[in-house]
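Before anything else, here is the set of structures, which you'll find just below.
Note that subunit A is present in both complexes that follow, paired respectively with subunit B and with subunit C.
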Partner chain A sequence: MSQFSGVQVPKAESIAIQVTAPNQVKLSGTITQKDPAQDLAGFFKALHTAALADKLTEVRADVSGLTFVNSSAIRLFVDWATWVKNERGHRYTLRFVTSRNVTWQKTSFMALMSLAKDVLALEHVT
Partner chain B sequence: MSSHDRNPSSPSSAPRLAVAAYSGAGTRPGDGAVLSGRALLRVICTAGSGALEYTHAFVTAYTADHLRGAVAQRLSVGAYELLSNALNFGSVSSDIVIELIESDNMVGVRVANDAIGARISMLTEHLLKLKTNAEQTFLEELRRSVTGGIPRPMLGLARVSHEVGLTLDLQVHERRVTVTAQCRR
Partner chain C sequence: MENAEKPSISRKQAPYPLVFMRFRPAWAYIDGIREFGRFFCQTTFGTQELADRACVVLQETLENAVKYSSNSADSELELSIESDGSNIEFSVSSLPDASHLSSLREELNGIQTLDPEQAYLAAFIRASNEPEASARLGLARIRYEGGVELSMKEETGGRIRITATGKL
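== the complex of A and B ==
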């Protein structure tokens, strides 16, 4: 059984989260709370751990519906990329699905790519 | 001045918000610097639970209604990060004023608050780095957000400058700090 799809989704204000087997997580809405790590850091870590346990070759994180996030939330995506990058054994590609129509996503994920390009992939949707 | 308190049904822990069409009254030295034009919106808030989320939601809704989509998105990021900075680093004993300003060609968000001298120096230095090379500073702050360090990462203003391409200006009058983030309409 897929551990990835069994990861408990947190109840977070203003954001909808959907985990789909075998390897997709979709986030939509906005992240504006001062410390989003309280809701999301553990969740992202659980997805990462499950992806390793399932020996996934790729995780698709669809953030195209995230219309606004604060800088604390961007740090969470940086953290996730760093966990993958620092894995010594099995690694997977973390593919962020982003929207061309959402201003903040264009630059942030390009910058993130430059920090961890060996483990990240970007896919753009309109 | 036709100000009014926020919805009285708000929780008692919510910050005090006063929203008014701009009349020019009640401004303090430093509140009206840099981008000159008409204030579309003026919000005065005090630090407290929910100050950031409530005010940002209000400003975002207003910009979405009154400005074209891409500009509204950029100003939404600017408003959030400037206000977040003011709440995190400003004096808790003074009001924070956030305004949405427009001129014929430009539109911007302006946040004014009181701060201590050390904070003002740090802010001045950070803005100088951003003016010199916004992209490099953004990447540095992104890296520092992973490794931590002192002073704490200042990714917010780097986002405003590099990610959404707003021009940042800083005005200081004694302890009153005014930061404006603006772009073409």
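== the complex of A and C ==
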């Protein structure tokens, strides 16, 4: 059984999360709580660790349904990209599926791309 | 929205805020005020783009104000939104802990040495290099995604006013 699909999904306020085998996680809603790391940092880390254990070549993080997030939440995506970038052994491509219609996604994921373009990919949906 | 229903903004109104709110610095209010700001900008100015920019400005300025407010009885926040027909101005007044003031001043000065996109990217790089530190992406995000310039004014009694000004 894939470790990725077995990662425990946290119950987080105002956000719906779905993990689908073999390599997809989908987040929708809003993230504006004071410290979103409490709910989500451990979850993202567990997905990262599982992706390495499963030797995935790509993880698809579909955030197109995240209509608004605060900068503390954006920080969590920076951290995830940094973990992949700093991996010395097996690495996977972290592909963010974003919406062209959501302003924060356009600006923040373009900035994130320039931070770690060798391990990130962007896919746009409407 | 039909034009007939769209409120008009005239220069005559410029000295007076279009919106003025005063409230306790509580995190629970931020979502509601941000969404009111989205509705207000969409309804008054008729552009989704401005409504989205307003959301970023309001979320991040109010988060900062709430996070660093002092516990004293006169620490209410004041939010105003003004426009002269060409520009829009969001202004948040708060009473921060004195310990926060110097880091806020330093952060504002730092991001203003770079253009908004470069400053936002620099904030991402810093966050990536300092995983244990706090994010500190908010002010750079306001400038870049909100399409505004930021200024800070220190007022009497230890209050500060953060003003974000941008084109309509």
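The definition used in the following text is that the second predicted complex is superposed on the first by the 126 of 126 C-alpha atoms of A that agree within 3 Å, B and C clash if a C-alpha of one lies under 4 Å from a C-alpha of the other, contacts with A are read in each partner's own complex, and residues count from 1 in each chain.
The rule we apply is simple: contacts are C-beta pairs under 8 Å (C-beta built on N, C-alpha and C of every residue); 3 or more make two chains touch, one makes a residue touch a chain.
As the structure is a prediction and not an experimental result, all values here were calculated from the model.
A.B. asks: Based on the superposed arrangement around subunit A, label subunit B with subunit C as either clash or fit.
C.D. replies: clash
A.B. asks: May I ask you to decide whether A:T57 touches subunit B, subunit C, both, or neither, giving the answer as first, second, both or neither?
C.D. replies: In the superposition, A:T57 touches no partner, neither subunit B nor subunit C.
A.B. asks: Just to be sure I read the superposition right, which of the two partners does A:T20 touch: subunit B = first, subunit C = second, or both, or neither?
C.D. replies: Touch status of A:T20: no partner.
A.B. asks: Quick one: is A:T32 in contact with subunit B, with subunit C, with both, or with neither? Answer first, second, both or neither.
C.D. replies: both
A.B. asks: Quick check on my understanding: which residues of subunit A belong to both its subunit B contact set and its subunit C contact set?
C.D. replies: 32-34, 68, 70-71, 74-75, 78-79, 82, 103-104, 107-108, 111-112, 114-115
A.B. asks: Taking the complex as given, what residues does subunit A use to touch subunit C?
C.D. replies: So the residues of subunit A in touch with subunit C come to 30, 32-34, 68, 70-72, 74-75, 78-79, 81-82, 85, 103-104, 107-108, 111-112, 114-116.
A.B. asks: Where on subunit A does subunit B make contact in their complex?
C.D. replies: My answer: residues 32-34, 67-68, 70-71, 74-75, 78-79, 82, 102-104, 106-108, 111-112, 114-115.
A.B. asks: For subunit C, which residues are in contact with subunit A within the complex?
C.D. replies: Subunit C residues touching subunit A: 27, 30-31, 34, 49, 52-53, 55-56, 59-60, 63, 67, 117, 120-121, 124-125, 127-128, 131, 135, 137-138, 141, 144-145.
A.B. asks: Name, in rising order, each residue of subunit B that touches subunit A in their complex.
C.D. replies: Against subunit A, subunit B makes touches at 52-53, 56-57, 60, 70, 73-74, 76-77, 80-81, 84, 135, 138-139, 142-143, 145-146, 153, 155-156, 159, 162-164.
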